[in-house]
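Common to both upcoming complexes is subunit A, partnered first by subunit B, then by subunit C.
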Partner chain A sequence: MALFTQSFVITLFLGAIAAGIPLLLAGLGEQLSEKAGVMNIGLEGMMLFGAYTGFLAAWASGSPSLGFIAGAGGGVVVASLMALLCVRLGLNQIVTGIALTLAAEGLTALLHFVQFSRTYPRLDGVAPLPIWPLSEIPFVGPVLFNNNAVFYLAIVLVVVFSWIYRQTHLGAALLAAGDKPAALDAAGVDVMRTRAMAVLITGALAGLGGAYMSIAVAGVFVPFMSHGNGFIAIVLAMLARGRPLWVLGGALLFGGSLSLTTALQVAGIDVPTDVIQMLPFAMVMVVLLVAGRKAALPQALGESFVRGAR
Partner chain B sequence: MTDEQAIAQPAQQSHGRATRDSSANASLRVLAVSIGPLIAALVVGAILLLAMGFNPVSYYSYVVQRAIFSPSGLEATLTRMGPLLLIAASLIVAFRAGIWNLGGDGQYLLAAVFVAATVPLTMNVLPVWANLLLGLLIGAVVGAIWGILPAILKAWQGINEIITTLMMSFLGVSLANVLVKLAFLDPATTTPQTRTLPVEARLPRLFDTATSSGLLIGLFAVIAVHLIMTRTSFGMRLRLVGANPRAAVHAGLSVPTLTVAVFAISAALAGLSGAVDILGTHGNVRADWNPAYTLTVVPLVFLARLNGFGSIAYVFLFSALTIGGESAARRIGVPSFFSLVIVAILLITLGLAEYLDKRHQERVRR
Partner chain C sequence: MKKWMIETVSSTALALALVGGLGTAALHAGEVKSIAILTPEQGTDMGWNQQGVDAAKAADKATGVEVVVAENLGYGDVRPTLRELGEDGASLLIAHASGYNTAAPEIGAELKIPVAIVDSPDKLAAGKVADYTASGHQGAYLAGRLAAKVSRTKVVGIVVSGEPPSWNNMSVAFAEGVKAENPAVEVRYAVIGPAAYSDAAGGKRVTETVIASGADVIFGQGNGSSFGMLQAVETTKATDGGKAYFIDVIGDKTSIDKGFLLSSVVWDLTPVYTAMIEDLKADKFGTRNYDIKLSDNSLSLLKTKNVPDDVWAQIEAIKADIIAGKIVVEPKYDAESVHKLVKAVQ
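Here is the complex of A and B:
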């Protein structure tokens, strides 16, 4: 098996992580917002806008860290519109999500055209933060413990979210906001505030994921660069049935199939890109066929909450 | 989500209220709610143009001039409406039945590829009209086939169709590219594309203009769908399934069968849209070509509150905006993405207007 050389396997794993981290961040966000009862179809737009604002800030300031913060901020800007329209005003969540995605696509493409279409600036990438001495372990070290800060943050978030959902009042409130908002209201917790908060955090995570794509992975901003990742993240969140750890597993699996093209090219095998691009989507359909029946969703998902209405 | 699926809440109550208002006041209100958001969206768009250093007045007037007041522009606008209207019809059927078929892009593109792969070959053995009919049929069937899997998963497994249709859509777009590049290549050219249907074998043009008769197919489909959904018992059953599936079961309806029927019709219409675009306008499919109509038409049918006639008006507006916008992109240098932004802003301003109107109504009632 000449295929499984060390360089092929390391390329595959590093690629899986690079492509998986944005999915993981956005998927964790979507999971949070779905738990609270908001179906966030605008995720794609939040990622794309975060990719743009993150790239812009990193390029203007020369600091990737500032870029990541700006990316999360960009996601929050789109999410605050979502929170206003869907949570506060009770407009249809799916249509609003599509509108925000379209707006982000059009707006970032316009801004990119005005600012960068002649120069196409590139970023240098992000310096890794090796965790010594773990980073010295052969094979595992370079893949897992020699990454950038966003990678570690994403992993920590998986643990934090699991803890919040299982152990805290906040977790219980989020679940209630999605399953039985009237009960949460009766318990004296503000449903709208709970949901709005969930949507804003989702925006920050999705924006950070987008910024990771433009700053850490691609090094450039290209219009429409989120390329369906937001939608894949929505699927991940649905399949994970409320478990953050499952989002992590799914994100790496998807990241792996996305990075298979590059890895195969490293191994000297030429497979058409389009065939490889079909892999993750085909995989979702297979998983849905096999396990879809169990994909439980919160009861009040997609419904706006009107206090006192029956 | 209610039967009418208006962006905010349906307007029935507000119509009832309106008759009690003084009539001048009421008509003013209706005008404000329907025209106000459009003006607001254009104003926000103008501010964006200003911020980018373009003159909004000259941009808008150029777009209107190119897309509506020049003969060739108007013909292009009307021709573009054909496939867009078929997508609108596809969405209206599904949304009125409470089914979110968001996979139109895959259904459209795969249908387009199969049509483009077949009709240039069969034109040698079939008369022109039969060849065109065959193309339309292939488009509808391929579209419907691509909608089967989500339909089955939704009908018998209860799996959320938003996800499955979106996944099938991405899958379909990639598959279409693979087919164009690997299976259906035109051996006569070096550019990766299918064989081309010659102009004389395409859908006939209307009268003496360059407008394709695809427009008529689109108009017919939207109006038929509108009438079926609002005037027939079949449409009534579908709307019942959409409004309250549990009640529909109690009323003795076979919800799974109706769900599959809705998917089949909706996906077939999306496929037909691809066929009309190929048979009427493009004649072939180039590699990596994807106009991605569906997600832009979704806001349009919602702006029209899933009303067929309203959709025709909005599709015309959007068609003019994109045709004029493409021309302005070449001449003035404003990228064509700008029309996307306008549609998105319009949807948001309309939602806001409906909300403000509803709140105003409630205050009046108290």
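Here is the complex of A and C:
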């Protein structure tokens, strides 16, 4: 049977998007958080908790839309702890982030055990929103213009964040919160509020990314299902050098690499699976070598802000 | 005075050594009061983890030994849990995940407690380490014969969430079964990712791709990720417009099936754990590997309503031939064998 049919190629591209969108959402969030000076290592936990709350709401209500909202809300719940502990109380951001991730893993596994471990309910999927007539274009149409609402939202967010960072006072305040928080404070802007807001938006985006995984991609929730995507998103955000478009490129590159590895395996390419499986990570390393050399992180990244402290 | 001190210290040291030695000897020679099993995910996954927990509990009933279950430990460092269970008095630590193969022997040696690990047949150590690389190859061979019989598109797929030896073994046997039934049937193979055991999203994504490549029967091996595979089969039509079917491994997902579960290579590790406990009592632990097989029903192929009766009768006949030794299915644990065979089948 011929392998590279139109439907096979379209499925590969859709697979790349399915893998890339959660990374894009979480990566945009992490980028925002880092710009404001908060290293959000708890991203994985926010994604996982969003995956759980999103799935729970979608399953209980029968509405994927409510599920996505609940997923974002779940991410905000975890992020609010991050904001309280790191921004307000000034605890170590790395340690707090790891602790929140571990707590989210344990809690979601426990909740899953109580609710779903005997029945494993599955969702029917998310209906696409075709953009006619673009959706009729061969290959490109079914992939880019016949997708679900979260996909379009993620793409729009790239543009919105680019505009905020370049054109608005809010963007300038975020940059100052990460680079010169004392200067921002002297200018009369509340540094803690700025940072807390950034962390909460990060939580919403990571939670939405997690909900996308459980509702739109897998259609099921299982423990630990975020599977390290939060950490990959952190890497993408750091490589993107503050540019949302680069996060988009990195996420699609990683998702595309995953699809390519599947295609190579299905085609029976005579290369050890381990080598093929390295492809997405090797791609990231290449990007790191090319782009990361000039990467500049905010000067106050990871440092808690104490008013008046030198 | 000096002589008295030397004698006292020597006597005390000798006494302690004897007590310790006797204690250890007693531990190895029969006083098996409790064992502990550690699993990376919950024992309710209708697969690997549940089989481990259920079998340990069944072995508990069969041997009268108390079983302590430590589940949902994840895939990270389990040394603290191993140490805690060992210090709590477990006479045997069953590390039910290939990711625990380094930590378990290490802590076992530290606490002088025997450990059982998986996927490491060459690490046997008398009194210390036993391996139970369960070989479901006979059942997987039957699954391959079944898949080739029912496939309409004449393309079947294997999706795995990693390449541990026991799964390679079943992948090889499945492909051999397909080839034996109908050499014209193509086998397509894809690994979700390195140790992607809980990657349900990846499971669905990869399975959709394999179905789009023409497969209408998917032989899936994964823990949590197998639910993503099942979901893909339920929501994706085969390239001929008909249903795609799923063949699971280790557990029985009949209770949550929506009409797409064709079969499962079901394992029962109860005889394995029971034999381990008996060997521990007889001071023979770590002197042999443990296995599952069709002949004692520790390995079986699940009959679902989606398998036609006439096809099942043929499968039963093949099973009888395997048990009788007329068909020999050799275990092959390395990934290279899988890749070679899949290419050969194509």
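The definition used in the following text is that the second predicted complex is superposed on the first by the 280 of 310 C-alpha atoms of A that agree within 3 Å, B and C clash if a C-alpha of one lies under 4 Å from a C-alpha of the other, contacts with A are read in each partner's own complex, and residues count from 1 in each chain.
Convention: a contact is a pair of C-beta atoms (placed from the backbone, for glycine too) under 8 Å apart; a residue touches a chain by one contact, two chains touch by 3 or more.
Note that the structure is a prediction, hence the values are computed from the model and not measured.
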| item | value |
| --- | --- |
| Partner chain(s) touched by A:Ala18 [first = subunit B, second = subunit C, both, neither] | second |
| Which of subunit B and subunit C A:Gln277 touches, first, second, both or neither | both |
| First (subunit B), second (subunit C), both or neither touched by A:Ala103 | first |
| Partner chain(s) touched by A:Lys35 [first = subunit B, second = subunit C, both, neither] | neither |
| First, second, both or neither for A:Arg195, with subunit B first and subunit C second | neither |
| First (subunit B), second (subunit C), both or neither touched by A:Val235 | first |
| A:Phe113 touches, of subunit B and subunit C: first, second, both or neither? | both |
| Intersection of subunit A interface sets (partners subunit B, subunit C) | 105-106, 109-110, 113, 223, 272, 274, 277 |
| Subunit A-facing residues of subunit C, complex | 41-42, 44-46, 72, 74-75, 153-155, 157, 163, 186, 188-191, 193-194, 196, 198-206, 208-210, 212-214, 224-225, 227-228, 230-231, 234-235, 239, 253, 255-256, 258, 335-336, 339, 342-343, 346 |
| Residue ranges of subunit A touching subunit C (in the complex, touch as defined) | 1, 3, 5, 7-8, 10-12, 14-15, 18-19, 22, 105-106, 109-110, 112-113, 117-120, 122, 124-125, 213-214, 217-225, 227, 258-259, 262-263, 265-266, 268, 270, 272-274, 276-277 |
| Touching residues (chain side subunit A, partner subunit B) in the complex | 39, 41, 81, 85, 89-92, 94-96, 98-103, 105-107, 109-110, 113-114, 223, 228, 231, 234-235, 238, 272, 274-275, 277-278, 281-282, 284-285, 288-289, 292-293, 295, 297, 302-303 |
| Contact set on subunit B toward subunit A in their complex | 1, 5, 7-9, 48, 52-53, 100, 149, 153, 157-160, 162-164, 166-168, 170-171, 174-175, 177-178, 181-182, 295-296, 298-299, 302, 335, 337-341, 343-345, 347-348, 351-352, 355 |
